[in-house]
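Consider the two complexes below, in which chain A is the common component and chain B and chain C are the respective partners.
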Partner chain A sequence: MTQDEIRAAFLDELVNVAPDIDPMTVAVDDHLQDDLELDSMDILNLVTALHTRFGVDVAEAEYGQIATLASAVPFIAERLG
Partner chain B sequence: MGIFAMPSLGADMEDGTLVEWMIAQGDLVSRGDVVAVVETQKGAIEIECFEAGEVSELLASVGQVVPVGAPLALIGAGDAPKPELVAAPVPRAAPKPPDVSPPPAPDVRVVGAVSPIPGPSLAEETRATPAARARASELTIDLDGIKGTGPDGVIVLGDIDRARETEGAAARPTPSPPTDPKAEMRKAIAAAIARSKRTIPHFYLSQTIDIQSAMNRLADLNAKRAPTDRLLFGAMVLRAAALAARACPTLNGHYEGDIFRPAPEVHAGLAIALRGGGLVAPAVMRADALGLDETMAAMRDLVSRARAGRLRGSEMTAGTITVSSLGDSGAEAMGGVIFPPQVALVGVGAPQVRPWVVDGQVEPRHVITVTLAADHRVNDGRQASRFLAAFETHLTSPECP
Partner chain C sequence: MAVMETEADVQSIFVQEASLSGLDGGMNIAHEAVDRHVAQGHGDSIAIRWFGKTGNRRDVSYADLSEMSSRFAHLLHDHGCGRGDSVFALMGRVPELYAAALGTLKAGMVFTPLFSAFGPEPIRTRMEIGAAKVLVTTAKTYQRKIAKWRAELPSLKLVLILGDDAPEGCIALGPAMAAAAPDFQTVRTAPEDRALIHFTSGTTGKPKGAVHVHGAVLYHAYSGKLALDLMPGTIYWCTADPGWVTGTSYGIVAPLVNRVTMIVDEAEFDLARWYSLVQDEGVEVWYSAPTAIRMMMRAGAEAAAPYDFSKLRFLASVGEPLNPEAVVWSEKVFGQPFHDNWWQTETGGIMIANRPGEPVKPGSMGRPLPGITAGVVERYDGRLRELPSGEIGELALRPGWPSMMRSYLHEQGRYGKCFVDGWYLSGDLAMRDADGYFWFVGRADDLIKTSGHLIGPFEVESALIEHEAVAEAGVIGLPDETAGEVVKAYVTLNPGFDASDALERSIRGHARKKLGPAVAPTAVVFRQTLPKTRSGKIMRRLLKARELGLPEGDISTLESDET
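Up next, the complex of A and B:
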């Protein structure tokens, strides 16, 4: 999976969790909680969706790694190997 | 014959728009079945049926604005006469939520000082073609003053245009139709909190609680779990509040008509911020009987349905106490506004790291400040203090999780 594909899939799942977000307007450094206003339930739902989609289990201690597109895409890419 | 009426889904609801029938004439329904979807200021709500039997007749049609208490359908067999659809005062009997005791009074608005404003009865409603209604709404012309020239006196498009030309007597402005659901929800929230603050003498007690051990246990537990099975700290808070409410009956129930009725079960309202603005507080039913995993599952379900606009009527009215949390980050304390007809609200600030004395040593620990807003008509500081102590015990108990 290329980084572009991961990025598209991540945005896809993000919009499923928070349908009011326009994926075109999400900047690479937008923080899921501080900028996009996801709450802890949204983050858990996103982590669950990423687990289902990529088979990547993001541990609670690693939630910071997926807080922005800029950090999430390489993190998932690395986990996918 | 049972009359299935438009329920009151909140202290300030006056009417709702029927957006979907999920039953048809001749269908068999049971108590608790979702039979219709109603659009309110707080979004679309699924409403349940409190009768069992065969649907004899649907009395309201999709798109119709129906006042609280006005008949929607006739369900079940019996001797009661068919309701007279006349302009008499609208029956105010809201159906009882299933298995909720004590049963709510027929009108939850008794808490407020404002008397209910009955809307037009069904028979009063002016008959007009959809095109005529749309044009009248666009021109803010009241259909009531117009004489219809269509079949059986139905108002047709031409009648609206003539009324506009005539002006004056026949046509009078009506409020513009609601256009912004967010603004409508804000109005509903404003009305509800203004009523709460006007009628409920609030008082507040706070307690700061060391949650470090509870957070550590939760993190250990979640580390062994797949994302679908993970727990949120919010579930621990909701459960601790439900168990504390069970132990403090004067804080758990409804105050209606100058009488407080304690509830034998705890239906824990959960304040949920909707993305894009707005707030709803549906209840986790029988929250005091749920384990932590069940509480989490119920919260997940409730939050996802709140966001999708698929809450049920009973969930909107059954809450016996409400929990409102600021979440992971933000201010350290919140004194909230009680959700009538309830008598208490648990406000939970965001966790903070603070110097704390543990076994005689000062350590950095995660703490939360919990502020109980309570109705002074029913409670004094002693009961509120007991609630906070019980809440801390349940939240920090090594069995949780």
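Up next, the complex of A and C:
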């Protein structure tokens, strides 16, 4: 998967968990909780969705890595190898 | 059945343990929580050890908190606000929130904290019912959730904005606090004067504002000691947000009255951050909630292994029943089990608890605190009968403890319905075992408990039908491993709309915008019709029974069924 494909898929899962978000307006540095107002349960649902979509496990200690698009895309790319 | 103490005996138990000073024959929570300690020479003790989202930290001493709250009280007075006026707060966990709460009480006004993750709709409803005169919030929250409808709330005279700048029509809190005088003569409120209003959800109709008085502080002092082992100097962390009653009763009042040092973390749940805080700050008493504890469990004992938890001496949990596995797990990992306890917005304080020094029964909420009489009851012919051990009925309490609500704001009828035959009815179903421990069984009504928050289905349904496609909506709670329950909605569509994934997302998105993520449904399913009674009420109970494959019970009132 290219970084662009990962980015699109991540956004797709994000707006499925939180459909109040307009994917066109998400900036690369927007923080899922501070800027996009996801709560802890949303994060958990997103992690589950990422697992299904990419087969990637995100441990609790790594939630910070997926907090913005800027950090999540390279993180997932690295995991996918 | 417990031996009934006389009312005078019971009150004296609370008074002796609480050891408050009073305020020249009056009673004011802020005086007992802060100024009293300063007057007694403890001004340098740390009241709040605050951790900001971005890694900054700040210590606020009792003397600092006294001064900050005095400045806030002055500020309110300087703007023409007076005794009994209503102050709402809608912001994250920052020191100013605590100063605002205490300053409001010093000024003899009534404080209502709201959960800052609420969407605009629940905020507006609550501010309308409470006739908010003052709002303290952040610029971002104001612009996103308030500005659009502010002009339609005529009671609202003053909006204070955290920081040094404020949008048009608002006042920046930073410079206003700096300009206000640092000392304030605390208003000599009476024990029965209103202090706090906490909103709680109903199954039908609007949310209810439970009114609490200054005299409640007696019970906060008492229960903080007995149920949480709070002592002067204890390093204590209550993870609840002050937007909910736990975050106020045991996140502001009880700890400060008992002169502890409170850890306040502005950030949301983050495993590594939480474990580091407990270790590095030497947290001794930790009060949290099942959803957070289950998130810790998901990460496993390995994630906790590198940390030193040896300072912890008491762990407690509230919000929804804590499953026995979590109790056992926590004892293994932290060296202490989480002690479940039970209470409600209406009770103002902990009623039933697995107390320090007593054996924990995993899965049980514990036993009533001394001075509290609880029972399991059932109704017959408009009266109540107390049930013996082992039988399931409604959990009820004999009213009279100091932190009991005094009314629901403007809702005398709904308040009156809570009391039958000298009992307060909690709405929870429970069972008492032979040892006097109580066990939660479920709700007696349709309220949903998700991540420790009580959600009224009616409020969610009302928001859903504002979506152009939705004709009718029924909302229920379904069991969830982590959140306890999650909110699920069943909707029928208006003509011209067809069920699709895109529409499902659109409806959920709409609900999240209106209600916020904690309240909005996590799933929406489509139906041709919903099961209804003859009077047209949607039978949520039936939706739930079918979803869970449980017996449908009495369906004699069913007029039109689900398709």
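For the reader, a short list of remarks on this structure follows.
Convention: the second predicted complex is superposed on the first by the 81 of 81 C-alpha atoms of A that agree within 3 Å, B and C clash if a C-alpha of one lies under 4 Å from a C-alpha of the other, contacts with A are read in each partner's own complex, and residues count from 1 in each chain.
The rule we apply is simple: contacts are C-beta pairs under 8 Å (C-beta built on N, C-alpha and C of every residue); 3 or more make two chains touch, one makes a residue touch a chain.
Just so it is clear, the model here is predicted, and its values are computed rather than measured.
Looking at the shared chain after the overlay, A:Gly64 reaches chain C, while chain B stays out of its contact range.
In the overlay built on the shared chain, the residue A:His51 is in contact with chain B alone; chain C does not reach it. Once the two complexes are overlaid on the shared chain, A:Ala18 sits against chain B and chain C alike. Contact with both chain B and chain C is seen for A:Glu37 once the two complexes are overlaid on the shared chain. Overlap of the chain B and chain C interfaces on chain A: residues 18, 20, 33, 37, 39-41, 44-45, 59-61. Of all the residues in chain A, the ones that touch chain B in their complex are 18, 20, 33, 37, 39-41, 44-45, 47-48, 50-51, 57-61. Listed in rising order, the residues of chain B touching chain A in the complex are 219, 222-223, 226-228, 230, 232-234, 273, 275-276, 299-300, 303-304, 327-329. Of all residues in chain A, those touching chain C in their complex are 15-16, 18-21, 33-34, 37-42, 44-45, 59-61, 63-64.
Residue ranges of chain C in contact with chain A, taken from their complex: 53, 117, 268-272, 291-292, 295, 298-299, 303, 450-451, 482-483, 486, 505-506, 508-510, 512-513, 516-518, 522.
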